[in-house]
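Heads up, there are several structures right after this.
Both complexes shown next keep chain A, but they swap its partner, so chain B is in the first and chain C is in the second.
Then we have the complex of A and B:
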């Protein structure tokens, strides 16, 4: 595809939303460093969180190449209401079950989204997604192991997972919020299918697990077009945390 | 599954640094089952790309042999080692008899 026909604006929305998703879940999950349920899981969750920040860096980098923006500025210097991550990721860290439920819903969604981009017609994005998929494979294995263990346990672990899924239910499918200019990405064959279709694929992918463990499937999003805005107090707090160092010494490098 | 939480148990992790290297003991992880043991081994001994293969073994499955009677017996065992046979003087005598010089060290 020559650069003249590249739907730059729509591509920017897609890259920005993916980067913000990875950035926010990475920082949110890094909140477990030092306090995860066991030492090995502490290392694992911290390492997974670092992976997500790495994915965000790659996506902001690609967005920067496209628009000329500084990737660090994209990541740190916007106001909270300018971020376009899915509302699913706005729920605070909560207990371990909440983190597992949120990661499960996000990772399974992200896998479907990456699958739709991996064969796309813009090589920089298709190639990056092919790399991300190889790392996300392990993320899926890890989160499946935990999700199924909590779901299959009796008593408190399962009760907490059910409560977490209920708390997340209205925002569960927000990764698939349609983005401005989606039509252009579909016409340019950068994205294989519309978000609505990807959401249906995601539901089909997770339904067997939910059914096997007698869990209630997430309902349709309450405001399907507003799934990446109105981030609320929990995100405002996280935002204050993750750009604290950068704001304390503007322009500092290390 | 029951209401009692699964108990953690130790797993021994062996790692290969690059293809062709021997598997070396890396350390151990605590995990409630084999699946999570492999995940944790991967995070603790492979997340920095320092391994190309891991072996994860339940510690109770490792056969331990540390009996001193079997491994460090009290009697002289020097005749089982090459150092138990001092060849230097015998070689020197043989060379003197045959008139040959001591071979030079081979390069490399």
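Then we have the complex of A and C:
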């Protein structure tokens, strides 16, 4: 595809939403560093955080190449209401079950989204997604094991997982919020299928696990078009944390 | 070090040009041999060649261009590796540029046989499917995975039930 026919605006929305998703879940994961319930999970959550923030950096980098923006400025210098991550990631750290439920819903969604982009017609994104999938495979193995472990347990672990899924249910499918200009991405063959179709694939992918463990499938999003805005107090707090160093010494470099 | 290395390279190339000395042609084999001296900072028994991250080496009239494949997207060692390569190749006296690319994904089967042997010698199991991991100390198959995630992005943690030693294994990606 030559650059003249590249749907730059729509592609920017896609890259920005993916980058913000990875950035916010990465920082949420890093909140367990030092306090996770098991040493192995402390290492795992820290390693996952490092992966996700690395993914975000690569995606902000692509967005920067497309628009000329500085990737660090994209990551750190926007107001909280300018971020376009899915509202699924807006619920605060919560307990361990909340983290497992959120990661499970996010990773399974992200896997479906990546599959739809791997064969895309814009090589920089298709190539990056091919690499992302190889790393996300480990994230899926980790989170599937934990999700099933809690779901199959009796008593408190399962109760907490059920409560977490209920708290997240209205935002569970928000990774698939349709993005402005989606049609242009489909026409340019950058994205293989519309978000509505990807959400259906995701539901089909997770339904057997929910059924096997007698869990209630997440309902349709309450505000399907507003799934990436109105981030609320928990995100405002996280935002204040993750850009604290940046704000305390503007322009500093490592 | 990378900036310094590049600057030195530029300076040497310029002084040769100013003196009107025809630059010596750069021997590709010598460049590759030099890359064999650059070790991965997180797995210092592996050179960047053994690790299989060197994608392309182009030697042209404007210097040496090296493209490398990151093992993991967010690998914090990447900048160190770029600097080390630029620093080592500065000895050739021409500008050196090192770029990371995702043109093809790095996969763990790009590690050379010598690299796999070097890993085993320091107690790191080579990349393989989780049920095919063998203890690097005693070769036992009686191993359990303690954690998918280890001290660096590319490693997992295992325990050998035969020799009762913990060990690390490279993730197969």
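Note that the second predicted complex is superposed on the first by the 254 of 254 C-alpha atoms of A that agree within 3 Å, B and C clash if a C-alpha of one lies under 4 Å from a C-alpha of the other, contacts with A are read in each partner's own complex, and residues count from 1 in each chain.
Everything that follows uses one rule, which is that a contact is a pair of C-beta atoms (placed from the backbone, for glycine too) under 8 Å apart; a residue touches a chain by one contact, two chains touch by 3 or more.
Given the structure is predicted, the values throughout are model-derived calculations rather than measurements.
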item	value
Side-by-side fit of chain B and chain C on chain A, or clash	clash
Touched partner set for A:58, first chain B, second chain C, both or neither	second
Touching partner for A:152 - first (chain B), second (chain C), both, neither	first
First (chain B), second (chain C), both or neither touched by A:142	both
First (chain B), second (chain C), both or neither touched by A:47	both
Touched partner set for A:31, first chain B, second chain C, both or neither	neither
Partner, of chain C and chain B, that touches more residues belonging to chain A	C
Which superposed partner A:132 touches (first chain B, second chain C, both, neither)	second
Footprint overlap on chain A, comparing chain B with chain C	40-41, 43-44, 47, 138, 141-142
Parts of chain B lying in touch with chain A, wherever the complex brings them together	1-3, 5, 8, 29-31, 35-36, 39-40, 42-44, 47
Contact footprint of chain B on chain A as seen in their complex	38-41, 43-44, 47, 138, 141-142, 145, 152-155, 157
Complex interface listing, chain A residues touching chain C	40-41, 43-44, 46-48, 50-55, 57-58, 124, 127-128, 130-132, 134-135, 137-138, 141-142
Interface residues, chain C side, partner chain A - complex	70, 72-76, 102-107, 146-151, 153, 157, 171, 173
